[in-house]
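Below, subunit A partners subunit B and then partners subunit C, in two separate complexes.
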Partner chain A sequence: MSSTARAAVSADSRRGRSRVSPAFWLILPSIVFMLFLFAYPMVEGIRAGFTSDLTGALTLDNWGRMVNDPYFTRAVRNTLLLIVVVIPVQFLFAIIMALLLQAKPRGTALYFYLWAIPLAISDLAAGLVWLSIFADQGYLNSVLVGFGLQPFSWLSYQSPGTQFLAVAMAEVWRATSLVLVIIVSGMQGIPKDYDEAAAVLGANYWQRLRHITLPLLKPSLQVALILRTILAFQTFAVAQALTGESFPLLVGETYRWYSALNNSNVASVYSLVIMAISMITAVAYLRILRDQSRQVAK
Partner chain B sequence: MSLQAFSTYLSRRTLFGIAGGMTIAGALAGCSGVSTTGGKGGDAMLFSTQFTPIEEKQRFEQVLAAYVTDPKTSFSSVAVAEFTTSLKTQVDAKQLQFTVAGALHGDLTPMPEYLEDIDDLVADASAAGIPQSMLDLGKLGGSTQKYIPWMQATYVVAVNKKALEWLPAGADVNALTYDQYLEWAKAANKANGKPVFGFPAGPKGLYHRWFQGYLLPSFTGAQVTRFTSDDAMTGWAWMQEFWAQCNPASTNYDNLQEPLARGEILVGWDHVARLVEAPKEKPEDWIMVPAPTGPMGLGYMLIVGGLAVPKGGDKALAAKVIKALSAPAAQIELLKQNAFFPVVKADLPDDLPAPVKLEAQAVAAQADSPKALLSLPPIGLGAKDGEMSQVFKDCFNEICLQGNAPKTVVPKYAATIATILEAAQVPCWSPDPAAAVCKVG
Partner chain C sequence: MTTGTRTPVPVDLAPLRSYRRRRGLLQVACVIISAFMAVPIYLIAVAAFSTRAGLNQFPQPFYPANFGTETMSTFLSSTGITAGFINSMTVGIGTLLLSSLVGAPAGYAIARYMFRGKDSYQLFLLFTRALPIVVLSVPLARVFLAAQIYDRPVAVILLHSALALPTTILITSSVFLAVPVDAEEAARIFGCTPVGAFMRVVLPLALPGMAAASIFTFVMSWNEVLGATILTFSQRTLPAQVLSSLADSPLAYRFAGGLVLVIPALIFIAIMRKYLLNMWGTTIR
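Then we have the complex of A and B:
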């Protein structure tokens, strides 16, 4: 074969082989990284949930142990109750705060900074802060005694209602800032023209809010809801700091089975349950808050 | 070279760049890092689950520096779950970062196969005065020695002298019965208008040891072999009544020294290391007394800590560390600093800190009582040790916190214990009578 023909053949085959775009090679390190540090441990974790801790054989015993554990139903109930109560409250607060910030009063930057501070605190630290308020000799009881009232054991196992309220309050205080930041950035993305046009056409504040601001905020609300709900399923440190083990939660139970009971298989099962619930909720949010207008426009 | 020529040669920016680069290079060179693993070349590291609070850790590091001079030993202490995971993964990967593991019996029980056999160190240990029964504990239910006992502790009752005025008539605070203890709680609560007795029922509290080592042995004479007997029901009924007299905040007490020091409670039972801070401010206001005596005797539990060598570790180096820590002077110093009692033969000096002296009196009175009934934490259960402890915690939860009748709760958990013992197939441990395979009764 002549040299030019050989060169042409090799050039052709090189072009044929290079159907794989260079972008693939650039993200290959990340893929390998994720495979080793994320996919492989996840597969191992899922497998551990179905393996017996004594014999190593595949079994569904761990699921039975989890369901028959006296704390399981309480943990599921407490987690769901926390989510049902805390998330609507947080969204209400966050939307109000975002609207207040949007009006741009004096000191907007300062208010935003103060409202975002809880984002920087670890959830255990937040739990300890609220523990110092609700403890038997904490600030709340000190204030009550100062007014001449009887102190009350807010965190005692004998009053599960106030225990729940304390955990809910601490969670609202701690995590509303996450929702606020997402909603504020969403609001900044809404063009002012719609609002101004509606104002010119005679819509009052509530009508503008209901028909323009909130619908255009839907993508941010969707993101904030998914993020916040998944994180809410993982509430642990706050409840542990405030109530110890009197208020069982799903992640708390996972931790207890792994550390105190030395049984990583049942702990895996708990984490699989949390993962399943989180995925179902995320898919539900994505469907319910689907942006209908974009689909129609297509 | 003239200044102008110089400045055309090197612009100001280049000059700043060079100066900046040199400063950064110098700073980075200084960051050689601190070796946290004890390093090689004769240095050793003691990896432990004990002394995690920062003050205890610092005091123990001083003890190490003073008494373990060859080799120089560094100290690292972590929570139990992290200890277990670290030890197992390091042994499996054959990448040991530490020389000696120092942990409680219950922490080492789940992993005998990850520890070296150290039968050659037993002779020195016996010569130092460690009792044979304690050395046998170090076999972790097997036939070879897995750890050398290092320190011991037990549980006593701390009493604020204020509470002594409500003692029942004719009761000796150093030799109370369970009924007298309950009467005392009732009288003290009535006088104060609020509960002043405490119980370490918090998430990290050691209340399961109360049931395993104190309540059940005192009422039934056994830990598991008479779990469902009528005497056990009597014991749980007593506990139900007693809990009604305890401060409800006890479900948050991981240790009793803090509530005692705050004045929230006046009397309470807990581990000696978790009571030692209470009398620190005013030792003359406190006394420590043995636990009460029940129908079958004064059940008490001994907690033993041991030094083990990880599988594949440097046995010679570890042996040096173990020998140094077994010296009577080192163990007395540990007692003075962190309230863990020596296991070797060592005469207690007179200059012990006041809280430790109070505890030493109670510990001796408890062990020397004619009705003393020694109880040990479960031996040989491996990874199921945590679940065994959980059984007693769950019984407390259902019987005392939820108010269910012992008759309905105890058989349910007896079945759980039976499952654990079936899988473990181990002989019974004190105070249960020796049997080839332990069965719940």
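Then we have the complex of A and C:
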């Protein structure tokens, strides 16, 4: 296949050596668009991060203001903690859900629909949905009172533990579907033969899961992991909807510095930090993809 | 047919019973997970359709005991909601038009041509998808202020198109790959120009897939809240309007707002069920 493609290419280049490939004209608009809306803002953002908002001179003050803000450490801690706790739970949950769907229960289509709904729900909406449950007079406290227990202020700033629990719960509810969809489509790509062969040779369900399904699912799991991690750094509206400003996250702080404190230079510094973290994740992502394609080539 | 009167062989029913038990457990597990996914949506719907007095009741009833449209109608008639809805529609449709207009040709090029730098171009696309929205929004706000398009729907359309573009290109290229080259070549042989062959043969075949792709773009734009909030001040989109008035609004407003933001998701996923695995499952990565 590649040899015919190569032949076609060389024929093309022979015919029109003086002419630019039509592909160039087709991708040119997208490149111009991206340069204007990705590259330019990035350069502008880096510049803003290193200049003073008052004098316009080069300075590191913005970085100092960010680091010395009492919310900064908490925002970093909360963001990382949320990723460390929520993502493993989501993966465990999504793998179980995908395996259940693979067993084809009655009503698979309905289950898949219900489990995929949060895919199209924004993090703001998810936060508001769970607010109706965790609010002081919400449904969770109603259940507790129904069982004769004391209601509890889940979202109060005085109990950061339950604030975290509420945000984590809403995130698990909202973003597990993305992992689920990637895993289910990965499972569809695995030929049934391996599993059947192992079953014929006497492997039980757990052995087949451990030695057949999960290893073959590894590429999908890796992609889902990296995509989820990058997206998890951008979580903020869930926390805003549930707790207001008392549970700071990195993107929420950027928003606060930009809108409430009206300082877009410090906001730029925050966004540079988030960009750096995301880029590191993206590089890891690309490296893994490249290693995979090498393995396939072997 | 001489079955005769054979004595029934004793059948071992244990495997059948354990199979039935496993199927039963499977259904139970699925129902529990479905409840976790669906009950919160049910509860916000109950809350959004309770009267103001009903929302103050404690403990809250789990069925619509205090049914009333008061909470919902108050939310819908509060300032900025109708305008926000119109802005969200404008931005969503504008984004899907602009991103398809810029992205579809690039997707076609990736699907049909070998060109130098194709690999680095695709790598570049993957890379841009890793850039967080916030990184673009804050500097773009300054740029748009200078260009005097700040606080206009077009500013949000530009941001959302930039975010949607890499995905649009990747999805449309897979859509065009699925259209057989033979059909296009046949049209050329029968005298179509390259553009004519594209318009008359490729485009009609690619249209369903492109429509599906554009719904994904619309959903992304409909749900995006941070950039829309940063780039606008009075011309808010719906989620941006809800987010910016969160701090000083009663719980009733937030519940009604939550339901209004959730309802489109129910519809989108119902329409897109077939395409979910193809698009969010495989192409997006």
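The criterion applied here is as follows: the second predicted complex is superposed on the first by the 264 of 298 C-alpha atoms of A that agree within 3 Å, B and C clash if a C-alpha of one lies under 4 Å from a C-alpha of the other, contacts with A are read in each partner's own complex, and residues count from 1 in each chain.
Methods note: contacts are C-beta pairs under 8 Å (C-beta built on N, C-alpha and C of every residue); 3 or more make two chains touch, one makes a residue touch a chain.
The structure displayed is predicted, hence computed values, not measured ones.
In the superposition on chain A, no contact is made by A:Glu196 with either subunit B or subunit C.
When the shared chain is aligned, subunit C comes close enough to touch A:Ile133, but subunit B does not.
Shared-chain residue A:Trp115: touches subunit C; no touch with subunit B. Using the contact criterion defined above for the overlaid structures, shared-chain residue A:Ser259 touches subunit B and also reaches subunit C.
Contact with subunit B, but none with subunit C, is seen for A:Pro70 once the two complexes are overlaid on the shared chain. Put simply, more of the residues of subunit A are touched by C, taking subunit B and subunit C as the two choices. Of the two partner chains placed by the overlay, only subunit C lies in contact with A:Ser278; subunit B stays clear of it. Within subunit A, the residues touched by subunit B in the first complex and by subunit C in the second are 137, 240, 244, 258-259. On the side of subunit A, the complex with subunit C involves touching residues 5, 8-9, 12, 21-24, 26-27, 29-31, 33-34, 37-38, 40-42, 44-45, 48, 96-97, 100, 103, 105-107, 109-125, 127-133, 135, 137-139, 141-143, 145-146, 151, 173, 178, 181-182, 184-186, 188-189, 220, 223-224, 227, 230, 233-234, 236-237, 240-241, 244, 251, 254-255, 258-259, 264, 267-268, 270-272, 274-275, 278-279, 281-282, 285-286, 289. If you check the complex, the residues on subunit A that touch subunit B are 53-54, 70, 136-137, 153, 155-158, 240, 243-246, 258-263. Interface residues of subunit C facing subunit A in the complex, by the touch rule stated above, are 23, 26-27, 29-30, 33-34, 36-38, 40-41, 43-44, 47, 55-62, 102-103, 105-106, 108-110, 112-115, 118, 121, 123-124, 126-128, 130-143, 158-159, 161-162, 165, 169, 194, 219, 222-226, 229-230, 239, 242-244, 246-247, 251, 254-255, 257-258, 261-262, 264-266, 268-270, 272-273, 276-278, 280-282, 284-285. Considering their complex, residues 79-81, 84, 110, 202-203, 248-249, 251-252, 262, 264, 383-387, 389-390, 394, 397-398, 401, 423 of subunit B touch subunit A.
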